[in-house]
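Below is one structure, written out as structure tokens, with a few remarks after it.
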Amino acid sequence: MFFKKKDRGIREAGWDRTLITGVVGMVYFAPVFWIILNAFKTRQDGLATPPKLFFTPSMDNFFNVFYRITDAGDHVATGMGLYFFNSIFAAGAGVLLALVIGTLAAYGFSRYPLRGNDTYLFVILTTRMLPPIVVIIPIFLMFRVTGLSGSYIGIILLYAMFNLAFSVWMMKSFFDELSTDVEDAARLDGINEIKVFFKICIPQLTAGLAATAVFALILTWNEFLFALLLTGNDTRTVPVAMARAMGGQLGVDYGLLSAIITLFLIPVFVVTYMLQNHLLRGVTFGTVKK
Amino acid sequence: MSNIRVQNLTKRFGDLTAVSGVDLEIKAGEVLCLLGPSGCGKTTTLRMIAGLEQVSDGDVYIADEKMNGKTPSQRDVAMVFQFYALYPTLTVAENMAFPLRAEKKSEAEINSRVQEVARALALTEVMERLPDQLGEGEKQRVAVARAVVRDPNCFLFDEPLSRLDVTLRQTMRGEIKEILNGLSKATVIVTHDQLEALTMADRIAVMRDGYIEQVATPHDIFTRPANLFVAGFIGTPSMNLLEATLTKFQDGKASIDLDSQKILIDVDKAVEGIDAGSQVTLGIRPRAFQVVDAAGEDTISATVDLIEPMGAETLLHMMDGETEMRVVVGREMKVHTGETLHLQCKPSQALIFDGNGQLVLT
Amino acid sequence: MSTLRKLTSTIALGAVVGAFAVQAPAHAKDITIQMAAPDWGPTRFMQDYANKTYKSPTGNNVKLAIDFIPWGSFYDRVAASMTSGEKKYQLVVSDSQWIGTFIEGGQFMKLNKYIDADAELQNILKDVHPALTESYGTYPYKSKNIYGFPQMPDTKVTFYRKDLFCDDGEQAAFKAKYSKTLPCTYEDWESVDWDTWGNIGEFFRRDAGSKLGSGTTPDDFYGIAYQAGKTYDFSSGQALAFVWQNGGMIWDESNQPNAQAVGVVNSAAAVKGIAKYVDLLKYSPPVAKTGQMGIFAINNLFSQGKIAAIVNWNAVSATAFDPKSSTVADKTAVALPPGTMHNGELVRWDVMGGQPFVLTTWNSDEVVKESLEVVKWWLSKDTQLNFAKKSGNSALQSVMAMPEYDGIKPWNRAHKNVLKWQKDFWHVPEFFELLTQQQEEFDKAITGQSSAKDAMDSIAAFQQELLTEAGRIN
Amino acid sequence: MSNIISSALRGQFRQTNEVEKQQSTTQQTGKVQMNAFYKWLLDPKRRGALLVTPAVLLLFVMNIFPLMWSFGLSFFHFKASSMKPPRFAGFYYYEKVLADPVVWDRFQTTAAIVSLSVLTQLVIGSALALLFAKKFPLRREILMMILTPMMLSFVAVGVFFKLFYEPTFGIISQAYMYFSGETMTLLATKWGAIAGIVIADAWMWSPFVMLLVLAGLVSVPDYLYEAADVDRATPWERFKTVTFPYVKGLLLLAVLFRTIETFKLFDIVYIITAGGPGTSTETIAVYVYRMAFQFFKTSQSSALSYILLFVVIVLTNLYLYFVNQRNEGAS
């Protein structure tokens, strides 16, 4: 009934497996490694032929992420620090909101099926099927009318919507796997419905919530189009600001772009690493039938 | 008064009627077992009493209070689930304390209470473990402990022992029975295991297809099953039910035509009311036979077909023409397959069911 | 719909009023002119220099606030702002070809009546190079309706490796092979036509390890490149020069609705020009075969020393002189781009680059007035000279005529001299459809999927149908 | 033992209990109207709807409303760039889109890219999952190396893969040159360009498939493998009868999600090939973008989008139907 590590099929393999996967992993990671390496290269080193693995690392690109040198030679902040904060805040809050609303809905869909439950679920899924460009103009217009344009709340609501379908689907499958007996037991033990949800269901779903959060975060972290059109100067996110490294006189400033990508990778990488165990357990727990 | 009463309890799922017009009354201190094959509606009945299912029809009274429309928590009942339904994220101690916390008892009160019950159920060693880290027997005891730690109106058990192995089951059966004895609460136990029902219940309600077939004490259920279903369902090996024709009734003895034999047998006086020549079913438990040396008018002759030693006793599968019979004899008796035995029914152990399958009884 | 519209416009109006709210009833008002601009040197200069020097002559406290949008997403952001009726900006930097869309959409403002009423503005416009005003500000193209002013003028010029072109050995070898002079000085380049350009391409094609100039080349080395990429206008920007120089024409929007596409666009001269354009790509680095040799690709190749000469936008290839990004910063020189001998004259018709900036329609008279003051400040001699000294090109003939001008930037002399040859392509709202299809067809020709003739026939047919449907061709 | 239990459980708590019960009844005198409303709202019959409401509200405001808006526009003559009011057009734009050979061409290109990319992701994702389905030292760390591509932005992946494919500077091209001695111009041909897109997209999203498949793999109970070993099953039989049934559901889910997402593939295509060479890699998403945002054919792009949505919904349902059929047939 309940997921138990010990009787599932993870068997031990030794260092030989480490070797094989290590090689595969390095090949797979190579493009990312190249990007990170590029962040420490000057433009000449970055475009050198044959490619340079060994070079004198330069921190200029990282400096340029945060500072711009004017014609007069002054250092002016690019606001990238704020954009990093914006990204973390908008994506974090959006994911959190989607998780809260999505989990409630998933609980509803799982425990109190409505007439035509599957249809509703499918409709929710279809919201992710349309190219976003189609809805961008009405949303843009709506944001302007409501004054949400350029505000944190607007982009957060949008990201919440963005992740809702995914959260509902994933969390519903987690709820479907949970034993309803435990909830019934709690009801009989005399606690109310709200507590059943928060004290009984949620603690059992931490793995599922973590997995959903990581997936949603990964899908939101790099969102570009909505952020481009709906954030203002003060609420701009990194993927939008990242475009600074593309175009302009150099075309793509590979070094600067790499530096931004590298820095921008760190938060989501750390979160994923921390929640990695949940990620796997969560997915398993949620979707595999006994 | 901590009693339970249900009237005309009915549950429909769409077109399917899972429970039809069940009437039951369980007095304080009484243990009622709902017994029946899987899918007979016994668990649904239990869940309606608990308030976990809405009733389609009928009323539920707990402690003489009408409970229709009340939430489970308002009904103040304790329930032990088939899969225990322990809170997987809480330790044993926290699991036990949970219902008390819900009642907003003081910490000191909760602690002493939990300790008391834990000691009683021999759980003190495992108080800090999570349910995942417990053996089946321990989980079961925790589930019981969580139910008895509070002081509810009544207790409900859903297949409480089904997940335990045989030895553990025997022990727990005794323990639960003792606990319940001490509590003077109305208790309903759902089970498909007749042994469980027979040993633990004050009364047994046998269910089939949503209907109650019979409600009676274990003794009565066993000795006087109300109909063919109950007769066949209760008892291991199950009762021999032989198709027969009643030819005559005189002096408390009935003359009965079996397939190829005639037999004169002690039966209930009420058989008098049945017309001679009627089709009836003769019910004799496998242990109600004794083997005699010679055929007589009160014996049935049958050939040993298969011998199953069961330890203290031996089960014989015997054939009388096309009719199969089960007979239990003492271990010491030596028989061979193919041997013909003469079976005499012990006094007043034969039951007659009428053409409608109902027990004929005064 | 209409209610909502009213509502939105009311709110927008409220926002505008709020933004320019009167601080005190006295004479000095706080006014902010919001400008949408791509994020790069020429616009950064505008902001920095405005912060330093701009003071409105009206006495109002006017601030120029530029919203810097990365180039990569500039169009999308501006398009969304314009089409949604955001009404956020008073000034917008725009590619010259986008203006028709937003003029017909009602977002960009016609300026003639303001110019007519303002002698100072008229004087400035007289000083602005006429090719710039024509390309940047007129709609329909070459009409008398003025909509915009130059923000960053740009032209294509030749960037070449003087260490190679002036190498004695190479000079001698080139002379021996083609009986022509390998152009070394600016003056040498004045007589280079596309055939010679092809010779250069063939001549400097060297395999890795071969001798090159005074040393050897470690990698494959190529002679020539110009833009030939599918993205945006990264082939039209060069290919149309070949059409014009060979006597071909594009659909003439100044002669609506009589001008035709079929028979004009795919005229023999135009096909000949495109065939030449495609043919010369054989001397370019292998990326040319993929249809991805855009303006940044050739710039990278040149800056990293993989190529002897390129024709490219001076605003982009200026980075070739920056030692931070270029390995050939001290070896690069600039000259005129090659031309075509046409009727005994070397013609250099080419596509105008750069961007104008325009005024929007939703502003009060006062804001319009202040916006025009900003324009005057921007096009003043002082600003333009400083602009030319930093990261931009001046639009004023008077600045370009200053004796010091040619020495300010390596490309100034060439830039100044090719300005008069610059033309623009369509300003009509169908621009993007015309461009996209043309780029697709050029790309097919570049990657060998079709011939120049087929490409031009397809382009002509498409334009004829599209423009007829739009009512621009009878 | 029984005595202890009984005496313990008969306990002295009863009194307190009854006191509390009385209190709870006295508390029920409150604002009757509010209580009635709460009662109505919190009726178990409405609980499902109540729980779903916030999600539906958010979806409605942020998604359904704009969808309806653009759906409505597809029946009107309207250009987003112009300030003219819309005029009713009926099904004009749907007819126009369906009669457009360009649309058909773009659909074929999209189908090719989607099927190739999803297939590649499936193969690579499953292979990676098989490798990681056991415990071994440094598993967590090596797994992170595989997961990282998912965390990059489409734009970053597009820009750098374009650079990797660039014949002169690209590391892939240079490696090819090093081994074969020939110049690599991957993007010069239709199928080369499609391969370039598929490689980048599959590289980025195979980890997603891997995660789902891996989740299935680690959920196979050990005793099934043991039973298969006892029955002397070949590795293939073992995979077919033991492993695959556990992975199947998740694999199908992965196919569903990836297909839906790949249909929208835009940035990678737009950056790496810009739809070229010629129109070889112009996907439907790129076409919709051009139509909506560059040509400002608002109505037509909306109509096309809804036809696209319809196609995806039909495909998804066919797929789900097909999967269910198979499942029923199997069991």
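Just so it is clear, A, B, C and D label the chains in written order, and each chain counts residues from 1 on its own.
Just so we're on the same page, contacts are C-beta pairs under 8 Å (C-beta built on N, C-alpha and C of every residue); 3 or more make two chains touch, one makes a residue touch a chain.
Note that the coordinates shown come from a computational prediction; the quantities given were computed from them, not determined experimentally.
Participant: Taking contacts as defined above, which has more of them, A-D or A-B?
Facilitator: Spelling it out, more C-beta pairs touch across A-D than across the other pair.
Participant: Can you tell me which chain is nearest the middle of the complex, judged by mean CA position?
Facilitator: Ranked by how close its C-alpha centre lies to the overall one, first comes D.
Participant: Centroid of chain B to centroid of chain C, CA atoms only: how many Å?
Facilitator: Measuring from centre to centre gives 92 Å for this pair.
Participant: Rounded to a whole Å, what is the gap between the Cα centroids of chain A and chain D?
Facilitator: Each chain's C-alpha centroid was found; their separation is 13 Å.
Participant: Counting only Cα atoms for the centres, state how far chain B is from chain D in Å.
Facilitator: About 52 Å, centre to centre.
Participant: Roughly how far is chain A from chain B, going centre to centre by Cα mean, in whole Å?
Facilitator: It comes to 56 Å between the two C-alpha centres.
Participant: Among all residues of chain B, which ones touch two or more of the remaining chains?
Facilitator: Answer for chain B, listing residues that touch two or more other chains: 103, 150.
Participant: Where in chain D do residues touch two or more other chains at once?
Facilitator: Correct list: 44, 80, 168-169, 293.
Participant: Residues of chain C touching 2+ other chains?
Facilitator: Where chain C meets two or more other chains at a single residue, that happens at 76, 83-85, 219, 297, 300, 304, 306.
Participant: For chain D, which residues are in contact with chain C within the complex?
Facilitator: Interface residues on chain D, with respect to chain C: 79-83, 85-86, 162, 165-169, 183-189, 193, 273-280, 282, 290, 293-296.
Participant: List the residues on chain A that touch chain D in their complex, please.
Facilitator: Those residues of chain A that touch chain D are 7-15, 17-18, 20-22, 24-26, 28-29, 31-32, 34-35, 47, 49-51, 101-102, 104-105, 107-109, 111-114, 120, 124-135, 137-139, 142, 157-158, 160-161, 164, 168, 193, 218, 221-222, 224, 239, 242-243, 246, 252, 254, 257, 261, 265, 268-269, 272-273, 276-277, 279-280, 283-284, 287-289.
Participant: Residues of chain C touching chain D in their complex?
Facilitator: Counting only chain C, the residues touching chain D are 1-2, 5, 76, 79, 82-85, 101-102, 104-106, 219-220, 229-231, 285-287, 289-292, 297, 300-301, 304, 306, 429-430, 432-433, 436, 440-441, 443-444, 446-450.
Participant: Mind listing the chain A positions that touch chain C in their complex?
Facilitator: Answer in residue numbers: 42-44, 47-49, 68, 70-72, 136-137, 140-141, 144-145, 147, 149, 225, 228-229, 233, 240-252.
Participant: Where on chain C does chain A make contact in their complex?
Facilitator: Residues 4, 7-8, 11-12, 38-41, 44-45, 48, 67, 70-74, 76-77, 80, 83-86, 218-219, 294-297, 299-300, 303-304, 306, 315-316, 318-319, 324-327, 390-391.
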